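Take a look at these structures.
Same chain, two partners: chain A is paired with chain B first, then with chain C.
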Partner chain A sequence: MLRLEKTKENRSDILSLFGEVDASNSVILDEAIQELVASGTKSLIIDGKNLEYISSAGLGVFMSYLEDFQDQEISMKICELTPRVFEVFRILGLDQLIPIYPDRAAAFAE
Partner chain B sequence: MKYRLNISCQTSALSELRAFLQQSLGGATLDEIEKHQVTLAVEEVCANLIIHSHGCNPQDIIHLEVIDSDQKLIFEITDQGEAFNILDYEVPDLKKVMVEKRKGGLGIILVKKIMDEIEFESKNGVNTCRLIKWFRS
Partner chain C sequence: MVKLPSIHIGKLSVLLAILVWLALLFVDLVRLFGIINEMDSGISDEITWILEILFFFTLYGFYNYSVGKNIQGDFVNLLWRAASTGIFATGIALITELFYISMGDSKLATEPFLKNFFYHVNFALTAIFLISSALLWKHLILYQKNKKVVQQWQTFEFAMLLAMFFVFFNKNNFDYSFLFAMVILFAIIIVLSGNLKWIPYLTFKEKWKSLLFLFLMLVCTGYLFKRLLAYGEAEIYQVNLTDNLFLMALFMFIFTYALFSFLVTLFNLPTSSVFEQKLTEAINFQRLSQSIQPDDDEEQVLDILLDSCMSASYSDGAWIEINPEGQIEGINQLRFLDEATKEELSELIKTQKSAIGWASTDQPEMLQPLLVRLEHPRYESTLLIPLVINKVAIGRMVLCKEVRDGFNKEMVNIISTFVRQACIAVENHRLLNQAIQNERYQEELKIAQRVQKALLPAKLDHPDEFDICAFSNAADEVGGDYYDTYKLDENRYVLIIGDVSGKGTSAAFHMAQMKGVFQSLIQLNLSPAQFMIKANSALGKCLERNHFITASIFLINIAEQKICHSRAGHVPTLLYKAKEAKSDYLFSDGLGLGILRNKQYENHVQEETFAYESGDILVLITDGIVEAKNQKGQQFGFERIKSLVEIHHDKSPKEIQNQLIDSLHVFVGGDGMIEDDYSMMVVKFQNSVAQTNQ
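Here is the complex of A and B:
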């Protein structure tokens, strides 16, 4: 079960994830990011405070935007991952490709 | 201890798989982060089979057996779809996955990094993938 919430804070678009992302629902995450890009976002913060689980299907969604975001100068940051979810990003080396911050304030600060 | 589950080949069954694994791993000598990781690795293999070997046909079944011994956990995943030998797949380079905008390939990296041993055999139309995680003493 995955629920998404879009808000705006400090001129950034915040996409908060609640629940679990797997192959059955990663398309919902993909569509939400696509919508934010279409609306002209230049700063996207993924809030993972309530993200309990993410499989490669969800991680692949983030990966698929990295190059385009670089070209379009869109900043994507991830914040407040739980230790076990962060560990999955770390195993893959995704923490080297996407900036990950301990909380929202730290993500805004940089 | 042995635990068994039959999974219907549809992605909506993945949450049921995770719930089953959480229950089966209750007594295993792994910390919470390791339990989370082995759950992810087993799900990655099953999701691959569901999507690529069975084309998300809910009539098809994958059989999972979890064997919890003193020293290790064995996850035996059996199916009768198109053989997918994970050992044949080279771990893709992460940067390459990024440039090619591939949404696949990451699962294989995770399984190979999380599990200590991976075995695969295909006999008489039955494929068995065995994932092994040793307990650290």
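Here is the complex of A and C:
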């Protein structure tokens, strides 16, 4: 089960994830990010406070935007990941490519 | 041995009948000779009676045999057989009568022997006619028999048997006992004659024919009866053969049943078309309910449906419309209407308020047939019937009649039933096709599974210095996990494990690509870091945008007892150190293949070299094992693997692997499913010195 919530804070679009991202619902996450890109966002913060699990298919969604965001100068940050989910990002090496912050305030501070 | 020829019952009984009749004739003529010459011939009446009864029996035997053999439900044929026998007997009787009339008072006309001879001929023919007809009637009476009817018939046969011997008791006198017996037999005959179930099954034309034949039978029976009565009154025939209760009762039976049949058939004539209609409906219904064969098309069913409904309602025109989403292509069902008239009528229907509401309902399965009156010069009433398959209205059938309010409740009912049946047939046909399609897909997947299994190595390359085993399981039919070994030279071996993001068919294709890339690169003798860089650039070109691959590579040098390792975002490998009796995950920095598809990737690759000793264990895994969840949602996790390996470190790789898999299944729970592909490779280093010493 995956639930998404879109909010705006400090001129950043915040996408909060609740539940789990796996192969069956990674498309929903992809569509949500696409919508935000289409709406012209320049700063995107993914809030992972309530994200319990992310599979490789979910990671594939973030990965697929890396180059696009670089070209379009959109910043994508991730904050407040649970240790378990953070571990998944770290093993894959995505933490080297996407800045990950312990909380939202730190994400804004950058 | 002499083989007896098989007895032919038919021929035998005919022969017997003829012999008995000749004997009867002879006896009577001898008696007559005696009387004329005033001599006592010594032949009593009883002999005649016995021969007469014998004659009846042989006739009964013959006809019972031949009727039972030749009649197969064709009632008109059966009636014709009875009638033709009657006509023949009547014809002979008429000729005899004419002969005597033309003779006038000549000597020949008064010749008693000749008269007696003709009397016997007429008697025989009449008996043949009566007995054969009675047996044909039996066939009609017992059509669609039940126990009651059979009992009635048996009672009648028994009574007739008694009537045959009544002559011994009664001495051929017309007295009260004779009358009494007649009344009883007549009662039985009336009851029997109520069994006329065969008549409704005649078609209109057959009924007319039957009426003709029955009429002929009535005439013949009447005439022959009159003739026999005339014989009975004449004194010249010494022993009366015909004033016999058996024959009289047979006359009664043949006549009564023919009369009943005649009247019932006559009164059935006007309603016979209804019965025929119902029969056609039943046959149509059966045709519709026979499920369509997988190769047939649905149009055929709709074809039958339209024809059945038209004949059931006497419609003057009809068509079937299929909605665009109805999934039946190229259907053009029009009956007795041209395209222009159909359009005209469609437009007229559209103007009707009830039809508009009817067409726009959102619950098609509740839709009832709709009757509409039209202001059309020719077609004044129409009936709209929805075609609902699987709760979706795929179209409608329109029936038109030239009369106002031409559809009654019965028609609407039967048409609704037809439509439902046809829709079920179409639905079943679709389900069947779907099932066949699914089976084909299953078959394809099985092939894919087999092909993919073959992509994993059947035999793992390894020297005596280390023992190795591996295992892989896909969550679906096919998966995205991969492992392999490669022998570079006598001292250097490569181990690889890889995992494609996602699972299922797409992952399986990428896994095949991964194998191709790895197998090519491995031969280039690259360092682990260089291997990953090249693999990234090769796979970056062929992976889908949101797919990546994680991999770990180990280059084992058994001469130096060293391992060079690089990790591309893959789940860290567990290394058990025998000397320290503890294990750790090899967590070097690294990025999954295909994530960065440019030169920048090189900045994210690391290479580590470490020494190993005998008893050390490497456990290569994929994330399916780490992330396997139990019913509480907890993951199997790194720690469990670690402690299990530490506990079982002294066992062989195969045992350690089995231990891990068993624990994993126990953890996940009896019927729990591991949602991802999972694989592992276990390597245990051995003391090569110790082995050489063995």
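Basically, the second predicted complex is superposed on the first by the 110 of 110 C-alpha atoms of A that agree within 3 Å, B and C clash if a C-alpha of one lies under 4 Å from a C-alpha of the other, contacts with A are read in each partner's own complex, and residues count from 1 in each chain.
The definition used in the following text is that a residue touches a chain if its C-beta (ideal position, glycine included) is under 8 Å from a C-beta of that chain, and two chains touch if they have at least 3 such contacts.
None of the values given here were measured: they were computed from a predicted structure.
For the composite obtained by superposing both complexes on chain A, the positions of chain B and chain C are in clash. Contacts of A:S55 after superposition on the shared chain: both chain B and chain C are touched. Looking at the shared chain after the overlay, A:V37 reaches neither chain B nor chain C. When the two structures are aligned on the shared chain, A:P83 is found in touch with chain B, with no touch to chain C.
By the touch criterion stated above, A:M1 is placed in contact with chain B alone, chain C being left untouched.
When the two structures are aligned on the shared chain, A:L97 is found in touch with chain B and with chain C.
Looking at the shared chain after the overlay, A:M63 reaches both chain B and chain C. In the overlay built on the shared chain, the residue A:A106 is in contact with neither chain B nor chain C. Chain A residues in contact with chain B (one complex) as well as with chain C (other complex) are 22-23, 26, 53, 55-57, 59-61, 63-64, 66-67, 84, 88, 91-94, 97. Those residues of chain A that touch chain C in the shared complex are 22-23, 26, 30, 52-53, 55-57, 59-61, 63-64, 66-67, 84, 88, 91-94, 96-97.
Across the complex, chain A is touched by residues 499, 501-504, 545-548, 550, 568-572, 589-592, 595-597, 604, 623, 627, 633, 635, 675-676 of chain C. The part of chain A that touches chain B in the complex is made up of residues 1, 20, 22-24, 26, 53, 55-57, 59-61, 63-64, 66-68, 83-84, 87-88, 91-94, 97. The touching residues of chain B, counted against chain A in their complex, run 11-12, 14-15, 18, 32-33, 36-37, 40, 43-44, 47, 50-51, 94, 97-99, 101-107, 109-110, 113-114.
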